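Two complexes are shown next, each including chain A; its partner changes from chain B in the first to chain C in the second.
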Partner chain A sequence: MTVMLILIVISFTLAISFLAAFLWAVKNNQYEDTFTPSLRILMDNDKNNEENNDLRINQVN
Partner chain B sequence: MHELLNDNNLDNYYKLARKSGIKPKSFDKSEFAFLDDKGIQEKLLQFSINGTSKITLFIPEIYCSACIWLLENLYRLDKGVLESTVNFLKKDISITYNEEQTSLRKIVELITSIGYKPHLNISDIEGKKTIGINKSIFLKVGVAGFAFGNVMLFAFPEYLSGGLLEPEFKKYFGYLSLLLGGALMYSASDFFKTAWTSLKLGYINIDLPISLGILALLIRSAIDILSGRGPGFIDSMAGLVFLLLVGRIFRQKTFYSLSFDRDYKSYFPLSVIRKRNDVEEFVSLNEIKPDDNLIIRNNEIVPTDSILESDSAMIDYSFVSGESKPVDVAKGQKIYAGGIHQGSSIEVKAVKAFFQSYITELWNHKAFAKNDDSYSSNISNTAAMWFTIGILLLASGSFLYWLPKNLNLAFNSFTSVLIIACPCAFALVLPYTYGTVLRVFSRNSFFLKNANIVESISKIDSIIFDKTGTLTDISKSSVEYLGKTLSEDETILIKSIAKHSTHPLSRLVFLFHKDKNNVEIRNFTETPGKGIEAEFEGVSVRMGKLGFVKNPLTNCSVLEDLNFETQQTESSVFLSINNVLMGYYIVRPSYRSNIKDTISELVRKYTITILSGDNDAEKENLNQITDGKTVIKFNQLPIDKLEHIEKLQADNKKVMMIGDGLNDAGAIRQSNVGIAVTNSDSSFTPGSDAIMQADNIEKIPAFIHLTNKSVQTVYISFAISILYNFIGLYFAVQGNLTPLISAIFMPVSSFSIMAFTVLKVRYDAKKLHI
Partner chain C sequence: MAEHSTASSNEYQANLETFYYDNGIVKLFAMATVVWGIAAFLYGVYVAFAIFMPQLNFGSEFLTFGRIRPIHTNAAIFAFVGNGIFMGVYYSLQRLCKTRMFSDMLGKLHFWGWQLIIASAAITFHAGITTGKEYAELEWPIDILIAIVWIIFGLNMFMTILKRRERHLYVAIWFYIASWVTITVLHVVNSMELPYTWLHSYSVYAGVQDALVQWWYGHNAVAFFLTTPYLGLMYYFLPKAANRPVYSYKLSIIHFWSLLFIYIWAGPHHLLYTSLPDWAQSLGTVFSIMLIAPSWGGMLNGLLTLRGAWDKVREDPILKFMVVAVTAYGMATLEGPMLAVKSINALSHYTDWTIAHVHVGVLGWNGFLTFGVLYWLIPKLWNTKLYSKKLANAHFWIGTLGILTYVIPMYIAGVTQGLMWKQFTPEGVLQYPNFLETVTQILPMYMIRATGGTIYLVGACLMVYNLVKTAKQGSFVKNEKDQATPFPFQYIKETGERQHRWLERKPMAMLFVATIVIAIGGAVEIIPMILIKSNVPTIASVKPYTPLELYGRDMYIREGCYTCHSQMVRPFRSETERYREYSKVGEFVYDHPFQWGSKRTGPDLHREGGKYNNSWHYWHMNNPRDISPGSIMPAFPWLLTKEMDIQSVSAKIAAMMTLGVPYPVGYDKVAPQDLKTQAKLIATQLVAEGVTDVKESAEIIALIAYLQRLGTDIKAK
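And now, the complex of A and B:
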């Protein structure tokens, strides 16, 4: 039965890591705007990826 | 359609990227010059550290996903922009930029030139308002949910094994639960805080019995677990805290693009053109001093009380005073702040500084100091007080009863009463009932500032309507032509002439004939404030005021035929063709459809008053609409409306004010429930308790009825939850409340109450067809 203790420890650690992930998400302002990201993902950036990259590099320089 | 828009916008973007210069919106080069001012910048910027600055701009034009795409690619158009993030619901954009490579002015000019003009108004520079989500409630729910789930995991083996669980495990599970119980204290901290504050202020609210219950749960569990007597009640406690917090989230629904706290400052722009030594410059409104000469262009707001320097002007005060018709102002006459100028640019001389003008005086009224605390729910506070006193008596009663026999049992029954009586179901009633009403209303474009306003609405007994813009529809005026019949050619001519004028009445005449053809008019003169005259192929036409249209030679016989009364001249456009007075167009405000039914339904239960800033020209029409059963007052200044409400309130009336303009702002604020009516989502609404889409006015009776029903629902649910409590107390006073009973009893009672309130409100709403 002591194997249950190990399981408990594992499940508890898992749960804590989920909680930590949630807390991080909230602190990272991910709940500030729950709508815009859903539109953002639909936007097509592939067409001019090259141009994109060029500009980004320029900006960094 | 969406795709098309998208493609179009992309096209725009490509051109822009190559700097080929598409400018969908033109603006004056110096319009944003004030943004170079360090003082203004400092107030607008969120932060500015080591040359990197961040600003959030409100852009009402954000309406499609292409907008987001374009605005988030700003860095390609301006190398100085480091990052731009759009929040679609709030319709704003946060821009981080490098001050060395670009400037605030350049950025604002850039986004204006691509068609997204930010709303910059005077309220932006008056202290930053942060309408963010309350993060801590999410954190607390997260922790509570985590504790709830895990405690259940530890508690189940105990319940399901029928007491056969190994003592070793019991011990570990107990300690872990206790640990989670400690974490739950963080989640529950808000309840303790509010309970303590209200106690200090000398009254009891619903959070007090909740706090007592939670404390009793924790202490009893700690003692049980540490002494090895039992598994404790941490599972019940976790469920309780979790459900209560979820209820808190449910009751608040944020409408991002709406603002309930606007005042006159959001109505004025940040800058105005000042003319000094023949040089025109944009200056911030705060810099206006008496005797400054200001240039006001078409559709701009006169920022402060001033004297007209140009020959004449048309000023629309509809938003400030409620007068629906633009007022003619002659040279040397006074123009009050807040009036919107219509027509070609005028020059005015400021009489007062911005913050001393007539319109700002209204806001100094004490009604605007009203505290938001007045929104707390009376029903729940009264109930909570009796409830708390009751359970404290009962708890100490059972303690004293058992004390002589068994100290242990006495302690058990004392804590058990506090635990079982912890008004979880009770506390969930209000959030879920009012929260559901809030959602039903918002589906009908009626947005409440917060859930407690549901209760305030149910209590009202008087309703006051503003006329212009509320009962009438400003966007629709009915035009009627009275006089000699016009030939087809004449109508075409009239339409073509009216087209050239910017005067609102000409616009209406133009729209009245909009189906007709057009002819090119070359010979055209407009005398501002008087009328227009034009000639076309030998026919001369004059339209406008009676005095302008008629001259000694004019044949005016038509007026006698029409039994013309002089008081009708205000909103009429007279017409003469070749020196013969043909007749006139009369413009009448158009009342919203069904307004008669709405008022006759309301008048049965409520005292209705109509306050109008207009003159009494509409008296007849209004009397007809209201069947003469309401009080109608005309020529009401903003302060008159406010005082009227104060007078009603002095008679212990609960007043609901429904209005639309700045002129109603004082009354809306003073009333028990102030509702601002708006024609579009983005348009300005004065500070209010609720915002309503104008075409939903006819649903007001249903809305009020639903709030009454919901209060009824609250009472029924209270009764049910008290019944639950009696069942629980039956176990508790005997001192044999076991963790298992508690763990079953608490969720069952809470969930059944939640389900009952939500379903009942939805059922009522369905019956009322809203």
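And now, the complex of A and C:
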């Protein structure tokens, strides 16, 4: 069952790289603000959509 | 404070850059999603009918169930959902990063490369060219093409992320990145195969090792192809469509990281009660159950985004599609861990329960989310309104009805058949010893299921009409203008010079490609080397296949017999009564690839050898209904006339020898001669049993040899 060893090593390598990515994200202050990003995606420069502009006024204030 | 904001707004004005989003590539992927979606559903409806009307193959090998089913599954996953992912990523990534994609050319290469893969998949599967590993059936040249196109996609995505104008990486982007990384690894590891012709190869793994790699892949492909990229899409398109922020952004981040760390360990749950070591099976179960928490967190986060907006949902078909999609995600991710519990798995595995489960996922979660995104996106791209909201609402109800009409009968069929297989009479013998009885019992369910699939397809056709009309009434915006300030740390002020990019892009791109290629190269070198040594036989009586049997085995793979038959007798009394001795790990050491199967539409075949005489198989393959009246197995009459390609067996044996199968040195040279000798023997026996017109060189002889060999290496008690 050598293959289990290989799969475990690969899975661990993946997990460690994910962990590194997580630490990077934290260190990079990616998660400092866990609210505005969710609003920001709604504020496209989107002329066709008037609703969006309404939202900008309502929610950002 | 006031001062600060003036200063920054001045800077803002000064640096504001104008740029254009590339909608052309999004349009291409959107069209491909729709076209391949319809194709995948059509093939699905066809197999749904063919499973109870075997005459639907019209006597043609190209249209037989075993070859069509892989087309359906691969089309649904890689063509429909695959293009859906790319459509969503190319649209949302540009907006989330406030930049155009890194390269239009890479985008085009990605698009046409992917469509080429799909087209070659359709052709090769019809022709019976397959590796025989579920959802990884594509042969080695196409596997290489997939790797190349996937790297092109990754390169384009990562470089876009690097040149973004928005510092924060929105949670959707994280989902995309994790999906890309994991799928790369899965594809490379599971596709390790040794080519022996331009279109054929053997898996370098054998038996239980192959099974483990395959289901580690299979499970994680569901996780990182059907789930995480679509979660990324959900976190972008659901808030956009509802025009409100996600319920809790914090929860979405927790959802992402916890899924990521738990998912990769759950794979062994596909192999419960098989010959896999117990501790690995338990690991799979534990991690599967842990998955419920993040999955449900994600579902609730999606649904609660719409809190207080249910009046909107009632009106808007797009939101309705999304609500059902997210609910289906929740249902499927609750059911999945349940099916990973041993006692439930003992009943559900190999039955239609699994089929119901995956269709809640693909029709509900992937299908409905894709439809929602398309209805939202197409009017945007063509700068118009949806042609008909009414029609979209009709599609929603028809689609929902289709899903219910599909999954309910499949649950009933699965539980019914599972219970019948296990039912003993008070005297302690199997109540339904004839497998066929358990099949005819559920045929009405198969018929209703086919209707359900058809209904779902009709709904999708309404969508096509609606979207085409929408596009016709609008005008396509190929390049969409936007403005943003650049992301500050991309710039380093150098003495007296103009600003420079934080990273030079070309070396970065090369570094990316080089790293991936070196990693893949390393894996290709190392893994087979370690494995070939480890395939040591543990049961002395287990011998390699004869050339004729090996030839027959490759036919078994070619005809997709594994789509209906398992080769894994589990250690239950109900199975050992029905199929005799349960399967042992050591019996599979020469099986490149393994053929354990995942569905028993027909009975398990691992102990088929010696059960019937040769002529039984001869006539059964010619037309199963002559031997087993009422059987739904397709007829394979062409096998009786098709000539074997006898010389090809040399290459097959040589490849097996490279993989460590202990044939005597130089055996590949004499293999064709041995094949003929054994074929002659079987042909003589057939004649003795009263079969006239037997051709010694007909393929059927090889298949019979293989079937008669199955499971005979160890003597039953």
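Operating definition for what follows: the second predicted complex is superposed on the first by the 45 of 61 C-alpha atoms of A that agree within 3 Å, B and C clash if a C-alpha of one lies under 4 Å from a C-alpha of the other, contacts with A are read in each partner's own complex, and residues count from 1 in each chain.
Please note the rule applied: a contact is a pair of C-beta atoms (placed from the backbone, for glycine too) under 8 Å apart; a residue touches a chain by one contact, two chains touch by 3 or more.
Since we're looking at a predicted model, the values are computed, not measured.
With both structures placed on the common chain, the touch criterion links A:Phe35 to chain B and to chain C.
In the superposition on chain A, contact of A:Met43 is made with chain B only, not with chain C. In the superposition on chain A, A:Trp24 makes contact with neither chain B nor chain C.
In the overlay built on the shared chain, the residue A:Leu7 is in contact with chain C alone; chain B does not reach it.
In the superposition on chain A, chain A positions 1, 4, 11, 15, 18, 22, 31, 33, 35, 39-40, 42, 51, 55, 59 are in contact with chain B in one complex as well as with chain C in the other.
For chain A in complex with chain C, the touching residues are 1-4, 6-7, 10-11, 14-15, 17-18, 21-22, 25, 30-31, 33-35, 37-42, 44-45, 48, 51-52, 55, 59.
Residues 95-96, 166, 168-171, 174, 177-178, 181-182, 185, 189, 205, 208-209, 212-213, 216, 236, 239-240, 243-246, 249-250, 252-253, 257, 260-261, 264-265, 277, 280, 380, 383, 481-483, 527, 530-531, 533-534 of chain C are the ones that touch chain A when the two sit in their complex.
Of all residues in chain A, only 1, 4-5, 8, 11-12, 15-16, 18-19, 22-23, 26-27, 31-33, 35-36, 39-40, 42-43, 51, 55, 58-59 touch chain B in the complex they form.
The touching residues of chain B, when paired with chain A in their complex, are 17, 65, 68-69, 72, 75-76, 79, 86-90, 132-133, 135, 138-139, 142-143, 146, 149-150, 153-154, 166, 169, 172, 176.
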